[in-house]
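Labels run A, B, C, D, E and F following the written order; every chain starts at residue 1.
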Amino acid sequence: MTQAKQTPELSHLNQQGEANMVDVTEKAMTSRTATAQGFIKMNDETFALITTGKHKKGDVFAVARIAGIQAAKQCSNLIPLCHPLMLSKVQVDFTLDEENNQVKVTSLCRLTGQTGVEMEALTAVSVACLTLFDMCKAADPAMEIHGIKVLSKEGGKSGSWQANNS
Amino acid sequence: MTQAKQTPELSHLNQQGEANMVDVTEKAMTSRTATAQGFIKMNDETFALITTGKHKKGDVFAVARIAGIQAAKQCSNLIPLCHPLMLSKVQVDFTLDEENNQVKVTSLCRLTGQTGVEMEALTAVSVACLTLFDMCKAADPAMEIHGIKVLSKEGGKSGSWQANNS
Amino acid sequence: MTQAKQTPELSHLNQQGEANMVDVTEKAMTSRTATAQGFIKMNDETFALITTGKHKKGDVFAVARIAGIQAAKQCSNLIPLCHPLMLSKVQVDFTLDEENNQVKVTSLCRLTGQTGVEMEALTAVSVACLTLFDMCKAADPAMEIHGIKVLSKEGGKSGSWQANNS
Amino acid sequence: MTQAKQTPELSHLNQQGEANMVDVTEKAMTSRTATAQGFIKMNDETFALITTGKHKKGDVFAVARIAGIQAAKQCSNLIPLCHPLMLSKVQVDFTLDEENNQVKVTSLCRLTGQTGVEMEALTAVSVACLTLFDMCKAADPAMEIHGIKVLSKEGGKSGSWQANNS
Amino acid sequence: MTQAKQTPELSHLNQQGEANMVDVTEKAMTSRTATAQGFIKMNDETFALITTGKHKKGDVFAVARIAGIQAAKQCSNLIPLCHPLMLSKVQVDFTLDEENNQVKVTSLCRLTGQTGVEMEALTAVSVACLTLFDMCKAADPAMEIHGIKVLSKEGGKSGSWQANNS
Amino acid sequence: MTQAKQTPELSHLNQQGEANMVDVTEKAMTSRTATAQGFIKMNDETFALITTGKHKKGDVFAVARIAGIQAAKQCSNLIPLCHPLMLSKVQVDFTLDEENNQVKVTSLCRLTGQTGVEMEALTAVSVACLTLFDMCKAADPAMEIHGIKVLSKEGGKSGSWQANNS
């Protein structure tokens, strides 16, 4: 596990504390990948509804996957200081955690570009979780989305980074 | 605390398990409000950077607030089966939880309309958290977003609903 | 079958032939529904790939359905003189026409509003067909989309309208 | 006329039949062009309204052209598994087919990039046709959009492709 | 000419000086109209190019009109604290001021709703001016956009307002 | 001060006077920068409200800055013949002109690409001005936006250009 040294400064504020979009004009075009994950936890009845029985083959996960992929492409319109960029791959996957009545959502974003794609990966996970919430909220309005974090980053000047205990 | 009875069924799938946008044409126009919350937890150095000292008055929270408000208005473009609707109020607030090095994000959405606005409130919270992540990630890439849930809903046929222990 | 009398004039041009968005401010809020259809024809191998065998339960139709629903909500951003409106229902369905190796796409849009929703229904059908094209184009780049038309309109001052031979 | 060999498989589904955005990270940046066409057929009175007499110089075709160009740029937001890309040229043209009371819409899209642009060309044609429908629907609600297909593709690893009888 | 009394306070900031979207939930639905204007001034050669001779009937003004109408519909996505709303009419017109080599752009927006539409009218004018700039910039990069202001507002609790000397 | 020779022709119209998106496929990828400015003039009470006293540290300028940055990224969706492009830097700044009760807005856009970014810079300025208008309009509805122009352009085949008296 590699852990890049982190300088404790906020690149997104200038010296006056004003919002600052980082200038990446001079950064090299390199292949970059980021992965992220998140969870949505629900009651057991609702978890059963989407994972077993008649709705097992329903569109719940297909809809959430598409929503996550589309959201990754919209990242720079949602997060004000993100750069527009051209993702060459977005992947969203779901794993059932039956012990805890929760769905684990993972995402991978990739491109050849001048800036990292972890915000895109986090956005994909967040919106996929929100879509699962929307599709299940009639059965359980008390669901909780949690554990949204970056799992790994590769490429770019700062090298690879990987979360602890991911 | 009122807890509406929940029928365990998925309104967003039809009998074939296909994605189904609920038909709200015949629902009454009523005043509806929803509140939601979420948290972003960071290391202590980063938390200090955005809450004390020279960046205390920086734009970090202003940017995240605007991102959350704008995202609420984009909800139906992000969540596939959400209805387009005309929010008459979106509010996003931040509370510092200094004991746990985390920021609590709360949102309130309101309108007079035919459908609830909890997805809009959740979207506001999620994107505000993602924006805080983006603005602090140079200092701490290991942050975690958690505890995203609906706090309360008011209005509409199903009456009021409030989360436990919120 | 009811066929409303059509006045042969172009409401979307003013007297100078300039683009003109119709003023619907004074029109009554009434319940309005429109249905539309379209087809995508492919070669027999490709048709078999998405309708039988291992991909039968694949996400092809789920993705196209979501794309169609999302596009209906974007109609006023795509068609310059369409009014923004709040759809209360969008439905997209697929029927397999095995004899002709084609998929029939039908849509229904509904709202209570001041203007008809046939453009939204046509947009849903068009984008669902385009999405099917995208998902199958590696197998058959020579597919053709055809037969896109309005099937019926209900509500509004001009009453009901239904296509011949629909 | 060159006809590239087509492998009958669906690149947009993975082995589980789930939606899959193709990873183009490693593909070469090459110049790519695609052309597409479509038709909108109307009754003779309506066709005359937009092609002769006082509206001959009206904005009907200008509006449809702009709508088609704008839609091509929105392609990756409309078609879920399309990659975002930077079109360097979009062209939309109209030809009057007076014998059949129909307008032929053709489009050309071009870029230097990692993936083909036929979906962009098809989207431009589709939305231009929908806009013509919108502008003429008061005169003829029974119009039909048909014959939407790719005419040719150039560039990329798979080489050139051209439709038969285009 | 009616001039409503203006209270010198900023409704878009709360007591802490934070961005605040006004809550219009309880405001009455009334018919509201706003008009706005702006100018783009260019050198005489460029002004002649778009107003006389071979390009007189070109698409310059049609494109700018469509851009202005589309932008009005996007207002709440561009201006962070604007409410989403359903415009029932957007009009954009151009007047040639030959004496000063400038084009005057005027707009009118209208709806039945809970909030005024002057920001929509101003957005339509601004984007129409920007589009004229874009179309003429190869001939004159030194153009200037000026005089963007609200001409009049009608409807709503505060009554009518009209600019001086408009 | 360098002033590139301007050819008086409209690249955005073809020989028939139809809207024409310039084909930049063959243009070199070079680093390009553009700066622009604009002003919003208000009455003295309103100017004082946002520049002194209790709202001095309010979010007014932070909101307008974010709106300007976001709008620059949306430029190709707002201006019909603009190419989609990937800005690597957007900056929006505010200067108080206390003598004239006006705020000066300046912007800088930059990328490595095939086309200039002056429209992006102008769009950033325009939408930042509109946002300031929105936030102050309750106090002064008679504000005026003026002096929107390009200050300088660098990069690309046509070399540098700088406005007179900027």
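Convention: a residue touches a chain if its C-beta (ideal position, glycine included) is under 8 Å from a C-beta of that chain, and two chains touch if they have at least 3 such contacts.
Keep in mind that what you see is a predicted model, and the values were worked out from it rather than measured.
In the absence of chain B, chains linked through touching still make up one piece. On superposing C-alpha atoms, the copy chain B sits rotated by 120° relative to chain C, to the nearest 5. Centroid distances from chain B, each centroid being the mean of CA atoms, peak for D.
With centres set at the average Cα position, the gap from chain C to chain F is 38 Å. In this assembly, the C-alpha centroid of chain A lies 32 Å from the C-alpha centroid of chain D. Contact with two or more other chains is made by residues 18-19, 57, 59, 62-63, 65-67, 70, 74, 77, 80-81, 85-86 of chain F. Contacts between chains form some other arrangement here, matching none of path, ring, star or all-to-all. Chain pairs that touch one another: A-B, A-C, A-D, A-F, B-C, B-E, B-F, C-D, C-E, D-E, D-F, E-F.
The touching residues of chain C, counted against chain E in their complex, run 18-25, 27, 76-77, 80-81, 83-86, 113-114. On the chain E side of its complex with chain F, the touching residues are 6-13, 17-19, 38, 45-46, 49-50, 54-55, 57-60, 62-63, 66-67, 70-71, 74, 77-82, 118-119, 122-123, 126-127, 129-131, 133-150, 153, 161, 163-164.
Within the complex formed with chain F, the chain B residues making contact are 57, 59, 62-63, 65-67, 70.
Only residues 31, 61-62, 65-66, 69-70, 73-74, 85-91, 110-112 of chain F touch chain A when the two sit together in their complex.
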